[in-house]
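Got some structures for you, see below.
You will see two complexes here that share subunit A, one where it goes with subunit B and one where it goes with subunit C.
Up next is the complex of A and B:
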């Protein structure tokens, strides 16, 4: 009986199909285990938290959807979401600049690699350090003010870059252009360089200008990478954190959604509410990405006779 | 053979993941009171390494001295200090695991009393500690001590008297009127900033609030009374007064030019150099600032400008406290406890860092002699009635007034700078409304009649 079963098991294990699956499963075990432990498990926990009134330690009360109701009725969450649009505006500038520099630097340019490295460098600076740099940069009478004074601005009429509500969000959003432009640029350069040089040669023989080469060769080939960059930009602007957190601590109307979330969880001790906010943020990002895809198709797709 | 290994691996991984999902449900049981007398005495020659999580960075020299001193008692015990940057931001996450180390610091005003027994080992009875220690009850619940404050802080104002003299102010102000007069004179007669408000430094802004309790009322029970008080932020009540002064200094432009970018380090240096006349802060800042100043005796820490019939008070509070992990063995616990007692009673840490003495009858450090000379009475918040433990924190969290923290104070400053369209009274009304709503939801409609404090 025993030996019969063993041989049957053995024969199953010996089959080619089974062997293949065994290899697939065992090889993906480690990454899957890591992914589950560090991504899906905490995420599941966070969903659970969002239904409770709780702190990290201490008792937890189940309150159903009350946290979600709160997220949608509070005025500070709405203000925080609106702040994301400053970063989205900055994102558009960032991508346009990145595309411009990427195109220029993909052709033969003197010291091209030096410029690439220079433009990419800010991305390597840690976000917190960057925050401190810009805090000094914007301080009254320091870097920015001095530079502007040198080119002839009157110091008295310069605004308080971080102290005035009408301007501080622009100041902080501008730092994200500086920081992430290099990253988008490198992605664009990678895509541009993967375009076969034969296209350019053919175009040049036909007498196409650089502008036309960009318009009819580079731009269409870049569509997937532009989509990716826009997706990253939307995600980044809704979840902007380091800049406003380090530079102004989210004070004076600069709190973004994540800064507010951090404050509610860690200063006010409302972890459940903050978890609900995180879930809502995820939904907003998903919706934003879908909308973007939809808009992009509308504008650029050949079938619909898009404007470009 | 290999196939069998695969199958085994598969089973193991399934079991592992099920364990992972099941994990985290276990509630941590509160620590059993440890009976020291029942424990076997630890051999003096015991050899062990104790880990100490600390917020103090760059104190290796002092730690080495403590190690040497402590080795006279336990020659083979090594204390390994692990300094953690952004301590408050990281320590809570460390605590969620049971074996975070043997000893650590508990930040003051950070966790609620009810959490103490879930994390730390009891060190003894409050009634015993009280005989020798100033802050015995600061980290206690149900009469058991779970943390011993490393030093104490008084709240008030740090002045550079050289600047005051230059402006024509000869006496340290004792009334709000005199305080504002002095600041206006500094503005008019010197180039210095009258008062550095530390708005950009976040947590330093919160230091204003401490004065609203002991310093103004002289009442150690004021914090407890607030739990049941109707509209504690109305005009005439201490919180309103102190926040109103904060609003006024900013509105009258007696503070730094660009508060959004102010930092404590800048404040310290400017104060030491005579470019700032005053700042509202805790006494811990005195020693630091004096070290930087050319003439340390100019840097004077004084009580908040307020007096009740000539008598001045200052709120005092415990600082970071030493505590022991509840999950370590009896033997390690005893050595760790001896080390903590050594730190409090013999190391001189509190005196060296210029804090309020933690042992009764201990000498005041020179940095705080002005307080002693002015005969200021120090007021320590009394722990709440056992049934009210944690209630203040709950109200604070529910109302999101961030008492003890900066965000709502920042709102006051922003209104004073004209950045938001709120008036001071509107903010205080909002505070009252939120506090009342929290009182009703947590205590009940009849909250005011339930007060245990008179």
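Up next is the complex of A and C:
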């Protein structure tokens, strides 16, 4: 290669390098600015806030780890963490029902599309509309009470579904099944459809019943995605928010961790404490995610099924 | 299996489906009934009873007016259009450079975006609120659009997956033919990611339409910046128990979702199936 060619090649490469960096910079500028402003900056600020006794406005006092102590010792925060378990329970039911309906609807059923659509549609309802729908649904003497009366319950002994502390968390957690079951179902249907039809054909030739097809083909193939969803559900139940927020606004002992956090920050003016709560929650979620990766690799290290 | 058990099994299947559909629909259908009842009728007729007339639209017109639905639909449309455009532009741009170039800091950059996926946005609002206030982005449509665009990383994730599935030889060939990286992005790759764009439009569109918490927190002036999802907020006050109006309001927010669902069913299912596998 003579010198002339070399410099020409060099200049092309240089131009390419320059152009590459121009593209990288122009293309990442806006997304990166947004990411920093709305994710990492708030994150850093939240750590800072968590060491202060402060409101949004006015002076603040450095109090060290006192807020963190409060998170673990206040009765309301403890109660809120315990409330997560209602949502975990609801999550288990939600995923089981979703798996059941997904399997049933993956086979040929009459009106399959209608059932799929009705089971899924609640997912599309607006947050606050859901709040009103269930306030109406659970109000004394209205929808739920009437249905229960029809099947023979005595109206007088029915509880106040959203008022009584012994039952109201169940009532609200149940609405999250109503709202999100369809989403999980559609997700599972997608995964079932990605299983090669050859498996079913072979199974049918061998005379396998649907139950057996589920037991020996669908379930093993879906294990990774089910596991993933269980883990996402567990993490999600610690940050359960919208149901209790829009239905009862966290009253009568229905506040979840995030609802309480919102109230402390925006209503009670305890920004420092709320920040400490958020940090604790994020730590739970991050530890959960690391455990999840670990457990997941342990369970499915040899790529099973290739669904994911 | 004997035909009798098979028959029984099939019957059980349909019974369970019917029960599921009933539970799904009951809260919605009873709201629909209530939305057509006069205040007096609401008082004496049971929650499960049909309304006397399906033509009684007084509740709807009252709800439409009280909740400023006209303005709400206008604001929501604006927010949707700009958020969706913003998500697609930023998502494809960042996915393009992350999937196409190797450069110093690439892993860090990618990690920074994917890590953000771990953090539930709702937990960050304690401090985000301060930032939004100091940037003057509270009570501003551009403010909420920026927040929606900048926080949901799912779009970036989906585009990244999609870009990685497009062979690099394609851009290499175009580059040799003299196309710049910008041309390659806009003319060649952007049109190819249409399926991913549809997925993002659906997922993000549904999320933004439904979203209540951030809209309520940052668009505080309910007279000017009301959206479809916050419009019903009006009914928490003086109308708190007037369910015939509330139910009409609820139906008004559900109808657009229902129409979109009927026409875009297949896309919505695909979007959900693709988007929910996050990690």
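In the analysis below, the second predicted complex is superposed on the first by the 253 of 308 C-alpha atoms of A that agree within 3 Å, B and C clash if a C-alpha of one lies under 4 Å from a C-alpha of the other, contacts with A are read in each partner's own complex, and residues count from 1 in each chain.
By our rule, a contact is a pair of C-beta atoms (placed from the backbone, for glycine too) under 8 Å apart; a residue touches a chain by one contact, two chains touch by 3 or more.
These numbers were taken from a predicted model, which means no experiment stands behind them.
Clashing of subunit B with subunit C is the outcome of superposition onto subunit A. Contacts of A:162 after superposition: subunit B is touched, whereas subunit C is not reached. Residue by residue along subunit A, subunit B and subunit C are tallied for touches, and C comes out ahead. When the two complexes are overlaid on their common chain A, residue A:253 makes contact with subunit B while staying clear of subunit C.
Using the contact criterion defined above for the overlaid structures, shared-chain residue A:268 touches subunit B, although it does not reach subunit C.
After overlaying the two complexes on the shared chain, residue contacts for A:37 are found with subunit B and with subunit C alike.
Of the two partner chains placed by the overlay, neither subunit B nor subunit C lies in contact with A:290. In the superposed model, A:58 makes contact with subunit B only, not with subunit C. Contacts of A:45 after superposition: both subunit B and subunit C are touched. When the two structures are aligned on the shared chain, A:92 is found in touch with neither subunit B nor subunit C. Contacts of A:13 after superposition on the shared chain: subunit B is touched, whereas subunit C is not.
Of 80-88, 188-196 or 404-412, the segment of subunit B whose C-alpha atoms clash with subunit C in the superposed model is 80-88.
Comparing the two interfaces of subunit A, the one with subunit B and the one with subunit C have residues 19, 22, 37, 41, 45, 56, 136, 139, 141, 266 in common. In the complex of the two chains, the subunit B residues touching subunit A come out as 3, 6-7, 9-10, 13, 16-17, 20-21, 24, 89, 92, 95-96, 111-112, 114-115, 118-119, 199-200, 202, 257-261, 393, 397, 400, 402, 405-407, 410, 414, 417, 419-420. Looking at the complex, you find that subunit A touches subunit C at residues 16, 19-24, 27-28, 30-32, 34-35, 37-43, 45-46, 49, 56, 97, 100-101, 104-105, 109-111, 114-129, 132-134, 136-137, 139, 141-143, 146-147, 150, 178, 182-184, 186-187, 189-191, 209, 225, 228, 232, 239, 241-242, 245-246, 258, 261-262, 265-266, 271, 274-275, 278, 281-282, 285-286, 289, 308. The residues of subunit A lying in touch with subunit B in their complex are 13, 19, 22, 25-26, 29, 33, 36-37, 41, 45, 55-58, 135-136, 138-141, 160, 162-165, 168, 248-249, 251-253, 263-264, 266-270. Considering their complex, residues 1, 13-14, 16-17, 20-21, 23-28, 30-31, 34, 46-48, 89-91, 93-94, 96-97, 101, 103, 109, 112-113, 116, 118-120, 122-131, 133, 135, 146-147, 149-151, 156, 175, 180-182, 185, 206, 209-213, 216-217, 228-230, 232-233, 235, 243, 246-247, 249-250, 253-254, 257-258, 260-261, 265, 268-270, 272-274, 276-279 of subunit C touch subunit A.
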